[in-house]
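To keep things simple, chains are lettered A, B, C, D, E and F as they appear, and every chain counts its residues starting from 1.
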Amino acid sequence: MQTFEKKLLVVICESALEKLLVRDIKRLGAHGYTVMDVRGGGAHSTREADWEGNRSIRMEIICTIDAADAIAEHVLNKYCANFSVSMFLADVAVLRPEKF
Amino acid sequence: MFFLLGVAARLAKSDLKLPEALYETLSIYLLLAIGLKGGIELARQPLLQVAPQAIGVILMGCALPMLAYPILRRLGGLSQANAASIAGHYGSVSVVTFAVATAYLVKRNIAFESYMPLFVALLEVPGIVVGILLARLHQNRDIAWPALAHEIFLGKSVVLLGGGLLIGWVSGPAGIDPMGGLFFDLFKGVLALFLLEMGLVAASRIADLRRAGWFLLGFGVIIPIIFAGIGVCVGRAMGLSIGGMAVLGALAASASYIAAPAAMRIAIPEANPTLSIGAALGITFPFNITLGIPLYLQFAHWLEQLLPR
Amino acid sequence: MFFLLGVAARLAKSDLKLPEALYETLSIYLLLAIGLKGGIELARQPLLQVAPQAIGVILMGCALPMLAYPILRRLGGLSQANAASIAGHYGSVSVVTFAVATAYLVKRNIAFESYMPLFVALLEVPGIVVGILLARLHQNRDIAWPALAHEIFLGKSVVLLGGGLLIGWVSGPAGIDPMGGLFFDLFKGVLALFLLEMGLVAASRIADLRRAGWFLLGFGVIIPIIFAGIGVCVGRAMGLSIGGMAVLGALAASASYIAAPAAMRIAIPEANPTLSIGAALGITFPFNITLGIPLYLQFAHWLEQLLPR
Amino acid sequence: MFFLLGVAARLAKSDLKLPEALYETLSIYLLLAIGLKGGIELARQPLLQVAPQAIGVILMGCALPMLAYPILRRLGGLSQANAASIAGHYGSVSVVTFAVATAYLVKRNIAFESYMPLFVALLEVPGIVVGILLARLHQNRDIAWPALAHEIFLGKSVVLLGGGLLIGWVSGPAGIDPMGGLFFDLFKGVLALFLLEMGLVAASRIADLRRAGWFLLGFGVIIPIIFAGIGVCVGRAMGLSIGGMAVLGALAASASYIAAPAAMRIAIPEANPTLSIGAALGITFPFNITLGIPLYLQFAHWLEQLLPR
Amino acid sequence: MQTFEKKLLVVICESALEKLLVRDIKRLGAHGYTVMDVRGGGAHSTREADWEGNRSIRMEIICTIDAADAIAEHVLNKYCANFSVSMFLADVAVLRPEKF
Amino acid sequence: MQTFEKKLLVVICESALEKLLVRDIKRLGAHGYTVMDVRGGGAHSTREADWEGNRSIRMEIICTIDAADAIAEHVLNKYCANFSVSMFLADVAVLRPEKF
């Protein structure tokens, strides 16, 4: 079975950013995204998701290496200074390259 | 009581945790129920009589954050963003504080203007808008007003409260009564449950405050008292009853923890939400619903004695 | 009213969003409560009298999708799968439309057969089954009937409605009354809340319809009117009261958006759910609960005048 | 009835599934409502009269698992960990069994001591603690008591039940009555809904039991009957009414499925939760709420005839 | 610490497929799976999970390379034509190879 | 854009372990974690999350290779005997290495 290399970019952040991110990533070349509600802790504090100001999401974007780079850089510059954000990139393989 | 149970459970690190969906549901319920009730009462009022009061209330909502801002900047030494954001929170209002205040008065058989939910809806927005303006003062950066207006006016709390008011107003008592089983009979119980949850949340904000220092702690207690005084006086000037004055005082004293945090996070991202929410939820909210409200009622009595009508 | 608030909030792109678990809870509640109520009333009826009506209702449920299918194929030019799926949706019924219709009659003091929830339960399944059969017509592919029957008969809505009916029927009024505080007193309020949610959902389906074109829009308004006419006539033939005729009309006019979509997605995967759900939820549901139901009551009155008993 | 509907739906592999948040909400509601009710009644009692009964109940709670443990070890051939864990589950109590038992008595107009929710709260913990001690007997490993005490005493069920008792006791009837619309009028309905959910869950545990074998099946039926006999006798010794004896019997017979599993999973991780939960939830709970409770009431009547006061 | 190479297959799809997938993957050699509820957007539309017809799940399967291939191909052929499905594969390492 | 190699450790387990894991991983060198509620099935049984004893979580930890090893080994030794646990490791890239 033939597979194609893509990047998986995962952004874990405050839910306040969800709408903004969806808008931004489309502009930067992502064709889709998947979001789930999470809780967690990191440098800033423990975000227990027990209350609306305290919710976090995890957004997963499968896209080309270029789009992943562009989005990651954009998020780093625009949001990381003022918001709780964690990001990581991973190599993944997909079957339908035109989809992502 | 339920609030204290929540605080105690959280401080004791109990596992108790209300599901997120329940929190959401309770808060949707409270907003709608308060709105509906206010709408029904509004239908009974001549609008012309309410209009000037509404304007007075909005003006008060604009004035309060302007008062808080210099205090936060000068005395507190906070950054422009933080001072503006906190001022916005305190300029706006807390619906649950309103519910507790009215329940307190009802229990004591003290009458108040029953259309006051309208004032809650009116007070939500101006404080936030002024807070944002304060943050952008002397800054060249433009504000994306259309997006912001959207965020502020179409946030959950304004839509539900306003929508409830509208539906209650249009349908009148006859239209809403069949739903009374849900929206009115359960109100007290749901409020109790919500206070339990708020206790859990508020207690978890206390840790944040340790970092925030003494200034905010004092601010979170003293400003509500001052604002309540102003609210009571404004209420008197508008010709409200003693109960109405006390409720308006409680509204002025209260700080928003639903609408304001959501709007501020987007509009003033440089502001640290830990400070504003810690103060609003960790100090002012508990203070208001325990000691504050009885005090504000006292204010109203004093003012009435000082200036009999 | 609440429905319109939901639609407005969604169209204005408000942040308002009911938690998924609340949506689930409200829908479970409505199904159970309607079932229980119907079951209690059924316990008061001689079964022999209801049986022929039940058979008539089932036959109607089988006939309606067969009527809709050729229209969708010929006039709409839809594929076999899509036409069959949509026909199945419109052959089945919407529980919320039923609830709104009965509330409308109660408000106007118009009596109707109180065991009608039985008809809702009976009408859910036949339309879906016929829809699936239509999709497989002239196709060699086998249908995995056991799995499908499972999906259809053991779906959430049939189990809850049927289970409620059974429990209500077995326990009778005395057994269920102590639960009335939850299942009956809150009904109207919960229905209002659910309509708010349905408004949010329906409004978000409207965008889908733009793609679907004018045919479906017309279909979603005209077919309910025709089906309602049929339902009213069937009700008359079965000897129902005027109120009962109107309710049966509303049931015939309504399209399923819980049981049918779930079953169709598995049974006719080639069908595009956007079309069927867009029409059922985006057009027919709003039409029925606003203009439709009063019209169908009018139908019943007209028929009664035309053919006095 | 609702329980059976749940069991049936699950066994038929229906899609019916209550949202997790609803399950949580219902269980929080039941714990709080039972606590509040008990607290109100407690406020009406001279504490001195209740105190000796409370001590008796706690002693019973400690004794029961010690009785169960050797049976599980010797007759059942279970490992120390498993035997201790199961003994702990059966030493603790099930709040829903309590609710069903009291509803059963109320329906039959049989009076019982209305402050009995206090006993429920008191019985939750001792059984679990003794169970853990039994597991650690003859083992050198230390138990992290502070962490464990935390887990046990601050678990959801103890906090809510105890908190409700306290609030009800402090506020008294006057304070809680305005919340009665939520906490009392809806109680029966919510209990019914919870039983529906419990039916779904219990039925899914039955598969586990097949693996567990015949011993546990017998244990899950016979031990409750024996424990109920003990509970009824203890109740008699404490001077409870017939209804009170039956309720204490049902409490003794019931096995915990909220507090105990959570605590045991952490305290005795080597124990297989499938066994303890399968028995408690898959056998004993259904047995108690169907056949058990009427039987235990019979026990109370027999004892009363045998030993008239 | 010795680790062993496995494949992680992630399938993001309509929740209507959950039961079917669980059945299929077991047949095709997976020993387990993990499912979470998500929302997202892609080629087909935005699935906001606000309503039962609109829910999505994300299923994660750790398995051998062969099983991953077999499952991916099966899903592609059987469901991708008619359902909203995204899939990707990634290399992961596990400690207990016999488990997956 | 410069990226830095880290490990992603994913632990899927009974929710009873959440509190314990959060405590343990901090001690073993993780700077943060993300948790989500999941359901699933594996060697032990099907965990449908329909009831409190039956819930599972998925914890995601981005950390150094050493920390990942230490945590994985600790979890394996301490919890895998008595609890339902699945774990896997993956290579990921991050932008801010000091954060993880």
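The criterion applied here is as follows: a contact is a pair of C-beta atoms (placed from the backbone, for glycine too) under 8 Å apart; a residue touches a chain by one contact, two chains touch by 3 or more.
It should be emphasised that the depicted structure is a prediction, and the values quoted were computed from it without experimental measurement.
Between chain B and chain C, the least number of touching-chain steps is 1. Looking at the partners of chain D and chain E together, the chains they share are C, F. Look at the contact of chain E with chain F and you find different residues on each copy: under half of the numbers used there are shared.
At the far end from chain D, in terms of centres built from Cα atoms, lies A.
Compared with chain E, the chain whose C-alpha mean position is the greatest distance off is B.
Inter-chain spacing, taken between the CA centroids of chain B and chain E, is 46 Å. With each centre defined as the average position of its C-alpha atoms, the distance from chain D to chain F rounds to 34 Å. Measuring from the averaged C-alpha position of chain B to that of chain F gives a distance of 40 Å. Of all residues in chain B, those that touch two or more other chains are 17-21, 24, 185-186, 262. The set of chain E residues that touch two or more partner chains comprises 36-37, 90-91. Shown are all chain pairs that touch, namely A-B, A-E, A-F, B-C, B-D, C-D, C-E, D-F, E-F. By the touch criterion stated above, chain A contacts chain F in their complex at residues 12, 36-43, 56, 58, 69, 72-73, 76, 80, 86-91.
By the touch criterion given at the top, residues 1-2, 5, 8-9, 12-22, 103, 107, 185-190, 192-193 of chain C touch chain B in their complex. Only residues 19-21, 24-25, 28, 32, 150-151, 154-156, 159-160, 163, 166-167, 170-171, 175, 178-183, 185-186, 262 of chain D touch chain B when the two sit together in their complex.
Across the complex, chain A meets chain E through its residues 1, 3, 6, 8, 22, 31-36, 60, 62, 90-96, 99-100. Chain E makes touch with chain C in their complex at residues 14, 16, 20, 37, 45, 48-55, 79, 81-83.
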